[in-house]
Structures are given as structure tokens and as C-alpha cells.
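Note that the chains take the letters A, B, C and D in the order they are written out, and that residue 1 is the start of every chain.
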Amino acid sequence: MTTARPVARQGDPPLLVMRGIRKTFGSLVAVDDVDLEVRAGEIHALLGENGAGKSTLMNCLFGLTRPDQGDILIRGETVHVTSPRRALALGIGMVHQHFKLVPSLSVADNVFLGSEPHHGPFLDRRHSHRVVGELAERYGLDVRPDDLVRSLSVGAQQRVEILRALAKDVSVLVLDEPTAVLTPAETERFFQVVRGFAADGLAVVLISHHLREVREVADTVTVLRRGRRVAHEPIHAVTNAELAGLITGDAPPADSEVPFGTPGDVRLRVEGIELVSGRGKTVVDGVDLTVRAGEIVGVLGIAGNGQTELVEAITGLRTPAAGRVLVGPVDVTGAGPSAARAAGMAHVPEDRIGRGMAGNLSVEANITAGHLGSPEVGGRLLSAPRIRRLAAGLMTAFDVRAASPRQLMRRLSGGNAQKTVLAREFSRDPDLVVCAEPTRGLDIAAAAFVRRELVARRDSGGAVLLVSSEIEEVVAIADRVLVMSRGRIVAEFVDRRPTEAEVGRAMLEGSSS
Amino acid sequence: ASAATSAAGGSSASSAATASAAPSVPAEALNIIAPLSGQLGDQSFMDSANDGLQRAAADLGVSVKVIEAGADDAPAWERNLTEASATGESGLIVTGGTVMASTLEKVAAQFPDQKYLIFDSPSVGPNTTGISYAQNEGAFLVGVLAALITTNPDTFPRATGSKKIGLVGGMDIPVIRDFAVGYEQGAKSIDPSITVDLRFVGDFESAQGAYDLTKAMYGDGSDVVYQVAGAAGLGVLQAGADNGRYALGTDSDQNQLHPESTPASAIKAVGNTVYSGIQAFQAGTLEMGTTIVGNIANDGVGIAFNDALVPADIQAQVEALSQKVVDGTITVDTAL
Amino acid sequence: MSGVSGFLAILLTSLVPILATAMGGMFAERARASNIALDGCMLVAALAALAVGTAVGNPWVGVVAGMVAGALWAGVLSAAVYGLGCDLIIAGIAANLLAVGASLLVVQGVLGSTGTYAPTGTTLIPRPSLGFLADIPVIGPALQNQSALVWVTVLVTVAASIVLQRTRFGLHVKAVGESDEAALAVGVKPVQIRVAALLISGALAGIGGAYLSISSVASFNSQLTGGLGFIAFAAVVFGRATPWGTIGASLLFAAATSVAVRLQGTDLGLQQIVHALPYVATVVALAVQAVRESRRRRYDVSITQYVPAIIPKG
Amino acid sequence: MTTQIPAPDPTESSPRVGWLRAGARRVVPLGLRQSVLAVVLGLVVCFGVILLVADDPATAFSSFLTGTFKTRYAFGNMIAIGTVLIFTALAATVSFRAGAFNIGTEGQLVLGGLVAAVVVVAVPGPGILAQLVALVCAALAGAAWVALPAWLRIRFGTNEILTTLMFNYIAADLALFLVNRFFRDKTSGAVETPPLPTDLWLTRLLVPSPANVGVILALLVAAGAWLVFDRTRTGRRMEIAGVQPAFAEYLGIRSTRYLLTSLLSSGALAGLGGGVAVLGITHAYVSGFSPQYGFLGITVALIGRLRPGGVVLAAFLYAMLMTGATSMQSASNVPFALVFVLQGVLVLLVTSQRIGGRS
């Protein structure tokens, strides 16, 4: 039952209204009293730092989490979104930041998962294939209904996610960082599609970290900072600089200017590394690089361009199909992690949870795990007091905050877990540190701590290979920046700090599709 | 009615008196504990023993407590036997099963004043009386019958005259081999060209497995299959009924389970011998350190015919050979 | 009956308990709720089928009772896993132990029998005659007079395959088996689907169990499965939890049993060893499968995915 | 800047059969409190069953709980059973800690027992030497029997739960074959080796009970296990490899080597348990000498929280329940099967994450 419509400033009444939304996780307030209004035909950008609460807010809208407080209104009526199924029924669709697809099912099955067209108990595959085909055609999304999702490229998977939202006949469409994994060409095509949605009268919420993109497509922006809404403006009313200020807060960036180091001997030499995946795809295609003492070498690339595999090859976790890895003078190619470690390498792994720690062992066991070979932990038999002392010392030095050294590792927060990894790796006083995505998921203070530690290692004569997808971070502290794309090094910036734009262009231009 | 050559008739479990450990038994009455090496319910060996025990309880005024144990739990046999001995309250401990012999030997030595009766085993010490059965002789008789069946398809309409007979054993263990030897000898004494198909279920429990095995044996030509497979043997008898051939029962009279296809059962008169053992003990005539051998001569083993299927002349032929065993003209081989 | 027909006949009868059970196990496996308690489900089902079938006087009621009992037992497993938070595998092992204990207690405490429970007067599952069809060479004699449960199993197998491949439920099972996140995002509840899959696995194992106790012989004891439930489980694993794979693996293991039965007839004098053939076949099949899989993923991205610990250290 | 790598790697094939790729699996029960609570709850369940089936529940329950301590014999029995359970539970512990499920301890134990019975009479010289050689051979036999499943698991990731389980059945058939063919006591109708001469029996304690000096060996082995687990680098590395193989790999720990060592030790311990059971309890290889000691060991290991000390306590506790059940069986009409129920219930309760769990 529609009542008198409030006359909105920009004409139509908002299709979607979120009012006073609040969501806490334990003591953390992820979303704090946030309002959001989106009109039909509007593309509304939702901006904010990592952890600002964007995804959480949208998860509340989509029924993936229940807000502690606040109302959601669709076309002026209060709705209770209790589950994703309910959200879809209400005409709310979401394309998730982390894809939620079932790899072994077909595109059509994925698109209709949870609300399959059916005759009685049986699936009506003919119908679902037809609908998927039609939608794909209409919006120019290039996918085939019976392809298996696991055989699709990342971009195609994203299209499947979008189709899934569209197939439900939605009026509100949430796109959570949809372009993070797309190539520039894909991004461009994608934005055309999004404009098409808006033209069809959908209310679109777009989460992105790319101001340029946002400016290109969005009509309105809302900025969150630490769970609070700090701005809500038409896009043309704010400049990029103003937006950046709103996103990061008034405080200047935490890192002060890092001076260059003074390179010494070669500590890591990688020659012509090639890696082939199980399906015969070349993922690393002849990479050469060197890292010297007193130098941080940054390797940047969009996810999936071979960095992960390169690091695994360097650290001995993977045997390359061709090429050599020398740590100092020692050839450690294919000799396993223990050889690389013995040669003086430390490794801060990308997969912190799975590789970098044992969540079900104590912090003490984790932090001393790299020292089992040394006399610090006892003679022929281990000495419990010595282990305890070593662990306590490391925890203090690296500011690891845990209830007790005996606390389970998996109960630590992300930042403290990463500090534990650093403590274990750096305290072995390695000649060479290979670290991958060392600040992923960390808050600003923790990330700054990690960067300071990396610079400190360099300044005390260590060699650091920093593999990351965070341009800002690499540009800020690396002495040399290499850009990796499609398994090759496609650009190198020596003796100067490149601008983020320069590097970003290099990353995107060579990017795989 | 079954004309058993042994006194094993009426051994079906239904006739067993349910009364037993009545607390009202006077103090001087005989107290019997019977720790067994397996579980009841096989409608065969163990049930037959239990039948004898329960009849003793009903008729002789003794109190009986049967203690079962897993058939594959040797430590429990020893435990139960020792516990029973240690109470000192039991005038006679009855136990049984070939597998129990070595355990009893150990335990009986520790309780020289305790008296034991063990069935299906020779005596294992001065304070034990053994009852052993010439199962090879019983098997000999059913072997003779099996041979007569497969060579007389006219008399036995379900037979094909293949001159092939079978035996399904539970597991390939010595006692079962003893059955097999007697069975084969009996068959060959009728016609040396008869072949015996010997197969094993692998355990004494899986009736379905025995059923399939037997079915295969009929498929391979056996006219009649003799089961020596404990509880699994029910599958053999059922297969005989289902496949239009014959099957032979064992230990107890199993003819009535499938009267149309079970011409006879070999009998081990376990219940009867246990019963008379207890009776002798009460009368003070049970000699410790000796072994009572149940054979054809003393009706300890025998054959129970299904009169509806086995005509008198055939029964007479079996009887004739039976007599030869009794008078020593024929010696039945043994695997033990 | 020719040698081949005889072989096929035994293969079919050995196939029923493995295949029916494995088709159920397939659902559970596909939903990532491996039911290692299939053996226990079969055991309790065998007892329920026999006891109820005998009491009611109708073997089909017994089969249904067996399915219900099997499903109930899988329900116990679900409760332990999703209610008590036990590890799936450990709880499965425990459910198997419990099945032995519970069935022994019921046999003794309720049915008043011990060891083997073999009631008299039980009506068995009928063995339909095929009429003139029995004259078809080779196949006819093999199919003639097979237990009606053989045909039921064929139907169940077809139905289970269709349910998995062509129904919404099947799709949800597969989705849940691969990604809880993906399922949750579209409102499919993983635990609910897993419990349903487990219940189905228990019910179908119930058919396998009932076959052992009221199809050919009316008798039950706690050893009657002889590990068939585990063989069925191995068939699921070997068949990669796909319908065709599971059917093929079940056929393979049933064939091993059939071969063992036949080899016994040829006097090799190694009868105990022949008896182990189905178990050996299972190990060989699993090994072959693993070798194949490991070839395929030799160069693949290393798997760092960690199955979360069952329980933290105290 | 963007940070996410959300997409599943399309090159990685998704594991279809969940745990086929045997991953780490850790079976460490929660706190001591839970073990105690589980035992108490388990007994409550038993009491419920007893109430249902017993004619005289009070007698049944009291003999269940106190039967072990009524006679010296029963007590010795408890020690004897506990001794073997310590071995099999340590066997389970070693494999669980290494992240593998050795469900084949039963088969390893059976073959260990057979080998001990055969070797002990074949070794010339004094009894003690023969016993030592026999026990070593028993352990080797146990290790040998797990070697193939272990190798398959390590080399190809074969599901060791199923292979070790199948090896139990194969072991039973193999043992039957070997005894029948070569080692049978020709004077006996049962499948057993000839009774050992008394000087080859493990020295008995608490005569006439089957308790024997094997218990000292068991305690020594448990102490050794504690030392290895808690005080050596090998133990720590084994633990890391078991808890999280990827972490171990990253640290340069050859997790497969530790896994192999663990599984072989596990088999050896089970085989040793079989040797002790044969030389100390049945004094001959008797078909059925093991009332499922191997499977019971798994339960005991879990109740003992995968720690040697806990295992020792749990083994004796469990043995007490078993001897108690024996005495209950003679004193009442409650069947021994109750122990199986108790066992199942205990496993569920001990491994539950929702009972008595402290966070």
C-alpha cells in the first residue's frame, strides 16, 4: 500500500533506504549508525578504507548478517531481510567481493542456485539455460550456460555472479568491488553493463577503491570511515582530492618518507624461472631478478599474474620447470624450504593462516617453531623454561598481544598473528627476507609497524623481496619496483620512487585477461 | 516324525525349560556355572548344549547359570572360567567348545579342587572330564546319505545325478576339516567317483554369505550340500530350499527348518551327553580325568533322517554302513 | 546354469548390499558429510528389518523398518556431528561401535535371544520368477529367482542417480559439498542439506542391511555385515561419489566377492586367502585411484587449505 | 588500493570427494574436565541401560563398578587388559598426533601376536632373550603391516582410514591361513599354536591372574612416548607436521617423513601389544586372543587426550570397566554388550566440542 510519496530533492523517492544501521562483532563496531539512500536509476558509490564497514553494511542489506539496529526500506516499506533468499525475493541482488560460486556446477546451475526453475522436484534446465542465454545477450555478458564455472576465467566468473543477480529480477543491485579482479578492458565493458542496469531503472550500489572508476560511472557517493558515514554527496560536488581526504580521514598518511638504502652484495638471484600449472598453463614465464643486501625490491602485480607461484618457487615450496634460484652463493633450486632457510632466507608467506602458522598450537609453539634447530630451545632435550623465555622475549620485541603465550594461535587477531610470523622469521636474523602481502588485512597501525620492520631489516643490511598487490605500500618503501604481469616482469623502476599512477598503468597494461 | 538313530530327538530349543537359576534351590543342591566359548542362538551346537543344561535344571533340580562370551574373545573365556572357579560355589563347571580346551587346561590346573565337565574336547586335566565327539563318524553317515542322494535321482527328485556333493564350512579350522574328511570318506564308500566341493564362508556368522556360497555350489552341480557353519549354516539350509536341491543339517536336528529340502541332519548329541554327564556327576559316577567319547556306537553322534524325504531302504543302507563303523569293519579317518 | 550365469548370479546377490548402501553413501559424500557409519546403519537396519518383518509378518514392512532404522542411526550420527560438535569421522567410528552394542542389547534384552537371532516363521522377500524371460541365454538364468530386493536396488540406484543429477535437492547437495559460502549466499542451508543427505545414506544402507537379514535367510547377528558397509564406503570413494563411478566401483567389489566364491570351488588350497579377495580388491582400487589423482595434480597449486582441527589442544 | 584476491583459482581442480585428499586432522580432545565429564555421562547412560534391562539394577551396577576390586584375580585381569590397551592406545595416539588415522591397529596387533608366538619358541637360549627377540619381531610385524597403507598415503594420498581398515580383514585371513598351514597345534581342534612352556611366559604378577611384567614395559614405553612428544625436537616437528602439514612444509619440516615414522611406530606399538598379549596373557597364539584391543585403543587414546599420561590412566580405567562388565555379567542378567555401548558413547562425548568445553 503506497502512501503519500515524500518529494525527493532529485525527483524520485529513494528505492532503497537504510537507516541507522549498526553492526558490531564483539567489541568491534563494524558499522555505526549508517544511513544510505539510493534511487532507481542511480549508481551509488560506497567508498572507504579496508575495514571501513562497506561489505558489512551490504551484507546486512543482503541478509548475510543481521544488523544490531536500524531499518531497511524498499520503496518506502520497511522490510526484514532475514536471509539471502528473502533478499532476492525482495528484489535485492548482490555480487560479492569474494565470489560465491560452486566451481563444479555449470553457469546456469550457479545462476539459479537456491531458486531453481523446476517441474515438481526436477530441475527445469531448459528454462534456466534459456534465461541465462537471454540475459547474457541482453546485457552483453559473454558466458555460455553450460560451461562449468571452474573452467572460466576470473572475469567470466564475475559475469556469472552478475547474471545471478539479474536472473532474480532485482531492483537493487549491490556490486562489491567488482572491478578488483578485472582487466582494464573488462572493466570498461563492465561499466557499460552497469550503466545499462541504471538505465533499466535499477538502483545500483557500487563499492570500489578506484576513484577514477567511481567518477566515471557513479552519480552519488557515500563515504564510510571506521564504520561511520562521513560524506554523502553527488559525485560532481566533490573532487578526487576531497574524496581521498574523506576516505583516509584528516590525518596524513602514517608513513613518513622512507629514504633509499645502500645496496651491497647480491643476496638473491633468480634466473629464468618457469612454472607450469597442472593444466599445462605457464604461470611464471622466465623471470629474472636479483635482490641485494640493503635493498628492498618490490614486485607488484594484479592477483593471479604469477606472483604467488614465483614466491613459492623462490622459497622452495615449488620446483620450477626451468631456471635457478640462488640464495647468496647457494643454489637452492628445487631443494625445498629447508635448503633455502639454511642458506639464510626467511619467508613471510601470503597465506598466513594456512602456511604461516598452526592455529591449533599455542602462540609460544608458533613463535619458536623456526628455532627448533637452534640451541636457544634446549640441548639434546628441549627445555621448557628456555622456550618460554625465548617466546616471551619475541612477543615483547614484536609487540604481540596475546592473553598468554599458551593461548591458541588462531585466537589472535590478524595483526597480532602477522606480528608473530614476523617475530619468528626476523629473529633468525636472516640475510634475505621474502615477504608476500605482508600487510593484507591489517589495520593502518599494524601495517605501518610491518613496513617499519621491513625498512629496519634493510637498514641493518638485510635484503628484502616484497611481493604485494598494494601499490601504495610498495612504492612507499621499495628501492626498486618490478611489475609482474602474465608471469613476466613487464616493467622496472630503478633509482626513483614511481608514482602510483605510473605503476598502476604498467600493471594494467600488461595484464592478463 | 524323525527317526533318529541317536537319542537326540526333541532337541529343538522350544522344548527347553525356561526355569533355571531359581534362588529357591536348596543349599545342598548342585550349583552349575557354564561359561561358554560363544553365544547361544545358533540353533545348533551351542543351543544343543544349552538344551541339555536347561533340561538338567528342570529335571535334576540343579541350578544352572550360563555365561556367554564373544566367539572371538579368548581372554573373556579365561576370565569367565576363572571367575566361576574362584567363587568356589559351583560343584561342577560345565564348559565347551574345542577352542575352550587350552584355556580350561590352564585354568583347571589352578583350581585342583574344582571339577569341570568340558564338551567337545578330551579331558585336559585330572579334575576335568571331557566329552568328545567323533564328528568324523557323524559326517561319515551324512556323507553316505549324500552319495546315495546324488546317485539316486529317481528317489530324490531334487537331485540331478551329478555325482557331486558339497560341504560348507564356517572357517577353515581343524574341526571342520575333521567333518570334511568323514564326509568325503562316507561318500566315496558308496561311489568313489563322487566329488566333494568344499568351501568356507570365512566366519560362522554371515548367513547371507553362506547362502550365496551354497547357491554357487548348486550352480556348479552339487546335488546336496552339508553345512558345518554354525549360525551361518542357516543360509545353507535356506539355499537348499530355494534352489531346488538338498541341504544337510548339523549338530542338532535341523530337518524341520526346511522339511522339503533337508533329508537329514548329522547329530552331535551335545545336549544329551551334557545332561547325562550332569546326571552322572550327581550320582557320583562321573570320573575325572577321563574322556567320554560320543561316537556312533554310543549314540553320541548319529544321523537324524527326515522320513518324508528318505525312504526306508535308503535309511537301511546308511544303517548298514553305520553298523560297519560300530563293529570296526570301517575306520573313519580323522583330521585331528 | 552356465559358469557365466552362475558368476553373474552371485555377483548380483553380492551387489545388492554394496550398491544400495553405496548409493546412499554417495549423497553423504557429495554433501561433504562422509558417512563412515554405513556399516553401523546396515547393522541396526538388518535387526530392525528382521524383528519388525517377523512381528508384522510382511517382509516389505521389514524393509521399510530397516530403512527407518538406518536413517535413525544416521540421525544419531548427524546429532553427534552437528549437535554435539564431534568430528565426522570419529563420530562415525563411534556410531559403528554403538550399533554393535545396541543391536546386541536389543537382541538380548528385547528379543530374548542371544548371539544369533533367528526367529522362525519369518516371511522372506519374494523371489520373482521371470517366466519365459528366464530362457534368455546367460542373463536369464542369472536373473531368475533373484530376490525382489535386487530389483528394488536397481530402482533405487536409478532414482538416486536422478535425484543427484536432476533435482533441486541434488543440486543443493553438490553445492553444499563444494562451498558452504556459495550455498549460504543463495539461502541454501548447508547443515540442513547435510543432515538430509546423511539420513538418505542411512535409509539406503537400511536396504542393504535388510537384504542381509530378511532376503535369503531370516537371521541376525552382530557380525553379519562382515565389513560390507566399509566396502560400500570404499566404493563411494573409489567412484568419486558420482553415480556411474559408484555403480562401477560397487560392481567391481561385488565381482571380487563373486570371484572369491568361484575360486573356492577350484581347489587352490588357499581358501582363507581367497576370502580376503574383496578386501584386497578394495585396497588395490583405492591405491589405483590415488595414483591417478596424484598424477593429475602433480604440478597443481599447492594445497594449503587446512581442514580445521577437530578440537583444540587442552 | 585494492587488496583482494577473491577469485578461486580456476586452474585448481576442486576436490570432489571431501577428505579423499587426506589433510591434517587433529583429534585432540578438549580439557581434562571433558574427559571426566564424558566418563561420568557415559556411566550415566550405562546406568540407564542397566535400569532398563536388569532384573536387579543395583547389583548389576555395583558389580560393574566394583567388580574389579573384589578379587585379586579380577584386579590382575584389569592390569593385564590395561597393559595391552596402553600399547594399542599409544599406537592410536602416535598416528593421530601425526595427523593420520591408523584404524588398522587390530590387524597389526593380531599379526604381532602371531609372530611373537612363533618366534619365541624358535629362538634358542634363555627365556628372557627369546621373549625380547619375539617382542621385537612382533613390533616389526606390526610396523610391516602398516607400511603399505602408510606408503600409499604418503606417496599418493590414499585414504589411510579405509586401507588400514581393510588390512584388518586381510590380516585376520592371513593369520588364519598361516596358523592352519604352518603353526597349528596339531593336538588341538582349535586354531591355535601349541601352548608356550611356562619359562617363555612373561613373568606373572598377582598369580593366578594374567597380569604380567608387560605392564612395566607398557609404562616404560608410555614414558618414552612422553619424552619424545614433549621433550624432543622430533616430537615437536611431528606435532607441527600433524597439526598443519602446510606450515610444516613451509618451515622445511619433511612432514611425510614424520608421518611415515609415526605410522610405522604406530604399527610397531600395536604389534608389540599383540606380542605382550600372547606371551603374557594367552600364552599361545589363539584365534580370538584379542577382544578388539586395537579398536578399544582408539577409544582409550581419545579419553586419554592423546597424551601418554592420560592414555595410561584411561587404559586402566577402561580395563576396569571391562572387568567390571565381566563381573556384572556373572552377577546379573546384563550382557557384556553394554561395554560396546559405553565405548561408543564415550567416544562421542569425549570428542564433542560442545560438552564441558572450556573456550
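Observations, loosely collected:
Quick note on the criterion: contacts are C-beta pairs under 8 Å (C-beta built on N, C-alpha and C of every residue); 3 or more make two chains touch, one makes a residue touch a chain.
Per UniProt, the chains are A = ABC transporter ATP-binding protein; C, D = ABC transporter permease.
Source: prediction; values computed, not measured.
For chain A, the chain whose average C-alpha position is most distant is B. Rounded to whole angstrom, the centroid-to-centroid distance between chain A and chain C (ABC transporter permease), based on C-alpha atoms, equals 44 Å. Centroids built from CA atoms put chain D (ABC transporter permease) at 27 Å from chain C (ABC transporter permease).
Chain A and chain B have CA centres that are 76 Å apart.
Centre-to-centre, using mean CA coordinates, chain B is 37 Å away from chain D (ABC transporter permease). Counting partners per residue, chain C (ABC transporter permease) has 114, 178, 272, 275, 296-297, 300-302, 304-306, 309, 312-313 as the residues that reach two or more other chains. Looking at chain B, residues 68, 71, 171-172, 202 sit in touch with two or more other chains.
In chain D (ABC transporter permease), the residues that reach two or more other chains under the touch definition are 9, 11-14, 16, 26, 28, 173, 176-177, 180, 243-244, 246, 249, 335. Listed by label, the pairs of touching chains are A-C, A-D, B-C, B-D, C-D.
Taken in their complex, chain C (ABC transporter permease) has these residues touching chain A: 163, 166-169, 171-172, 174-175, 178-179, 181-188, 296-302, 304-306, 308-309, 312-313.
Within the complex, the chain D (ABC transporter permease) residues that touch chain C (ABC transporter permease) are 9, 11-14, 16-21, 23-32, 34, 49, 52-53, 101, 103, 148-149, 152, 155-159, 161-163, 165-167, 169-170, 173-174, 176-177, 180, 243-244, 246, 249, 295, 298-299, 302, 305, 335, 337-345, 347-349, 351-355, 358.
Chain contact summary for the complex, chain B toward chain D (ABC transporter permease): residues 33, 65, 67-76, 78-80, 82-84, 86, 98-99, 101-103, 105-106, 110, 120-121, 171-175, 178, 202, 336. On chain A, the positions that touch chain C (ABC transporter permease) within their shared complex are 63-64, 83-86, 88, 94, 96, 98, 100-105, 109-110, 113-116, 118, 121-123, 164, 276-278, 308-309, 312, 317-318, 351, 353-355, 359-362, 408. In the complex of the two chains, the chain C (ABC transporter permease) residues touching chain D (ABC transporter permease) come out as 29, 32, 34, 36, 80, 83-87, 89-91, 93-102, 104-105, 108-109, 114, 177-178, 227, 230, 233-234, 236-237, 240-242, 270, 272-273, 275-276, 279-280, 282-283, 286-287, 289-291, 293-294, 296-297, 300-307, 309-314.
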